[in-house]
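The two complexes that follow have chain A in common; it is paired with chain B in the first and with chain C in the second.
So, the complex of A and B:
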């Protein structure tokens, strides 16, 4: 019984939140890795792209809610998601035409592109705060829990409860669907293959008649979809605050680099590695230990390796370790 | 092998060689030029190939062999002279536009998509075509049977000789009339080299003209209809492959006796 309680406690506080957070990071890292692989620069504006995409979704959600349109037990934000993706796509393509295209045609070095993306980041960041404000925004509705802790206890008779929030279940399911569509697109369609070819060998792609501007266009559209989905899921699961999204940039980049920049499979693996590291290192294991260990050995303290305030230090440390010992990441990616 | 696509060309060479046409199918005529704003590397250099024939460019290191071929393909500034394909002046066209005109180019290095499968490499080669590629892919598998075996393997995992076969196969996917190869046998073993040359002869037999730069001058001239010996960006000797091999001057200076 104690062993089961320990597992349930671990699932409730580590595995379930870790899965959801990992899926969110993976979606974010996929966007970063696609831009790195195809457009060949690290897009620092990605966190704020997620923020602005989520903002579009929130504004549309509010519109739906006030018009009385809801999605039953599921969050209304899901209905607003396609519209948010379309708006974000337009915004990114506009940004490309106005900003990035100019530098691409001048064939500037990647580091210049990074600085350009930094500028775009500040503008998007300001725009988001200007339109929706810097504070926390609530846009969650629908059923809050798939299984609440009380139901679970009643069901199993265990002392520990396992709660799974709708947003957590939704995050994992949506992430699986989005990733499946993305991989189908990249590996099975003519356009997807041409994107991979362009990423693999730009000169040879040109010789084969692949139009680079088209590849760039499709890349931004896919990135808009990934960023908006990732941002909305994160917002539903936690809360929406522009500054939090800006901070997400670090774990997302860590995930993309740990997995191997430019490698989509790596981005997914990296997302989960970073998420589970953050959650396990900042979780207080006292409860789990109390169930598993005999009373004499039970820890006095919280058995927490690091305070949650240090969670960004975790992704940073992993990033540095990977860069030192395996610069191409866990999966074969490009070195930074 | 279904060669319907090529039959039309394969009948013409006899006429062209017979002298009804005054000009070769593809000619870089008295080209002078260099990269970007840099100095001229080529000086009045002429390279040409007839339909269904093999023309080989040989010469010492730094003679401008690859440069001459890139000039024909539009990858550097030709300041004097002209490039003509089937009588049409294409000097001003970009390399991409020349691909659409029926020219194909296999670079010396990074000439495959390493992370993609062999079959995907071929599909990308035929990206511009909107019709069904399967027939052409099967023809290429007939020409290079090993590729059919490895069709789902990443091209980057193949051996040097197999990678060159993928590179040539990718270029053939556009069903070109001229195939240009930049040192196709660089870095492969002598046995693989002989096999590659055999395959190149087979390609030429289907009516495709081949223009090739080679380090292995002797073997290349043996299969060549026409040979060009370049020195310092200019034509030194031009003749049939056999005549060059028998020329005592060429042998002494370039073929090691």
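So, the complex of A and C:
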């Protein structure tokens, strides 16, 4: 019984939140890594692309809610998601035509593109605040829990509760589906293959008749979908506030770099590495240890490796260690 | 012609001198940032007092008073200092009503108020550190120090029979000051603080913090944070994972936003924020309602009182210069004298002009102690049926 209690406590406070946060970071990092792999620059505007995509979804969700359309026990935001993706796609393609295309045709250095994306970031940042405001927005509806801590305790008779939020379940399931589709697309379809060819060797791809503008177009569309899905899932799980999306940029980049920039598999692994390192290293194992160990051995203190103040230090230490010993990331990506 | 020109210039100068005698009060609050949901009611409170005095025409032989707003952002000391600098040097304010958060208040005090010799009266900076800060006699607050709040929290928890708590605080001057004061007080009273963990505001994910807090355990989670920021994020995580059911909410966490975000999920949780059951509070609430804002919002009454104290002490000193009236703030705030409640500022100004003593009570039962801070009255709140209400005064 005590062993089960320990497992449940660990699942409730480490595994479940870590999985959900990891999946959100992974989706964000996939977008960053695709742009790096195919368009060859670090897109600083990605956090705010997520914010603006989520904003579209929220506005449409509110429209649905006031029209009385709901999605049963699931959040209405899922219904609004395709429309949000379409709008974000249009916005990103528009941005590319107005801003990035000019610099791409001039073949500027990647660092110039990074600065350009920084400018785009500030504009998107302002646009989001201008339209929806800087504050918290609520758009969650439907069932909040797949299983709540109280129900779990009543059901199993254990002392520890396990809560799984609908949004956490959705996040993981959606992430799996999106990643599956993405890999099928990249590996099996003509367009996907041409994108990979363009990423591997631009000149060779051009010689074999691949239309670069089409590749760019598809890349932005996929990035729009990834960013909007990641942003919406994050908003459903926590809350929507433009400022926190801007702050998400750091862990997302850390995830993409740890995994290996330009490598989609690496982005996913990186997302989970960063999320779990933040949660596990600062977790106080007192409760778990009390269940598992005989009384004489049970710790008096918190059995915490590091106080939670250091959780960001943890993920960035991992980033530095990986870069020192494997500059291309855990999976083979491009070196930065 | 030359004479005419000279005469006009002279008269123009005369009028500008007459206009300069009008009093300006800077209102520096975090209109954006972590406290943005309570600062509108605070600013409105100060402006209510200013409008009342201005309309009476009783201050310094009919001086008009004007409030000029500045944004402290609550968290960015650089931005707050710049805003204060602008109010002092370009708008030439005679005094500052503000700032709101402890960190920026300290920064403005050291960099702007002391440098320019301008009086500051803060309605809501509660860090114990400000009691001992060098202030050249320029700094006052109508809010109590958190050393006092530490005692209040301990009393409330003990009255409810709580022996062990987990504690999380926002990682800044306010949070750390309150957490330390409370921890020392609670442990001295025989209670146990299982963990004292900081959280950063505006972050993406609080599951690590919630996990550590849950593992440490405790009957109640004390959240010394901000309602618009990480404080609510931590509570959300703790409720969702079933880690804690009951929360203690100090002053920074009490706001109507809690009703909106959590509602019935917080039933049974409790807390306290500065406030009093003196008749002044009720009068003030009605005045605020008539003026179109919520006067029971946290620190709104304290803001009215801060602005009122500035103007009454100007009257007592017969001067709007900070150097003159800074020594009169204690006189008008404390006994002896005629008790003054909100809405009676005109009466107070006239009494002072006649040479009588006044004892300003105001909306928050002001009684200045120590280095010029409120002795502190708190109202205890409790959540029931999805909304919080005041159940007791301490």
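We adopt the following convention: the second predicted complex is superposed on the first by the 318 of 336 C-alpha atoms of A that agree within 3 Å, B and C clash if a C-alpha of one lies under 4 Å from a C-alpha of the other, contacts with A are read in each partner's own complex, and residues count from 1 in each chain.
Keep in mind that, in the parts below, a contact is a pair of C-beta atoms (placed from the backbone, for glycine too) under 8 Å apart; a residue touches a chain by one contact, two chains touch by 3 or more.
If you're wondering where the values come from, they're calculated on a predicted model, not measured in any experiment.
Look at A:209: by the touch rule set out above, it reaches chain B but stays clear of chain C.
Taking chain A as the reference, the larger set of touched residues comes from C, when chain B and chain C are compared. By the document's definition of touching, of the two partners only chain B reaches A:193; chain C does not.
Judged by the touch definition given at the top, the superposed model places A:13 against chain C, while chain B stays out of reach.
Contacts of A:201 after superposition on the shared chain: chain B is touched, whereas chain C is not. Judged by the touch definition given at the top, the superposed model places A:163 against chain C, while chain B stays out of reach. Once the two complexes are overlaid on the shared chain, A:326 sits clear of chain B and of chain C alike.
No residue of chain A contacts both chain B in one complex and chain C in the other.
In the complex of the two chains, the chain A residues touching chain C come out as 9, 12-14, 17-18, 21, 134-136, 138, 144-145, 148-150, 161, 163, 165, 234, 238-239, 241, 243-244, 247-248, 251, 275, 278-279, 282-288, 302, 304, 307-309, 311-312. Residues 190, 193-194, 196-197, 200-201, 203-210 of chain A are the ones that touch chain B when the two sit in their complex. Against chain A, the residues of chain C that register as touching in their complex are 32, 36, 171, 194-195, 197-200, 202-205, 207-212, 214-217, 228, 233, 236-237, 240-243, 261.
Those residues of chain B that touch chain A in the shared complex are 95-96, 99-100, 105, 107, 110-116, 120, 123-125, 127-128, 170, 174.
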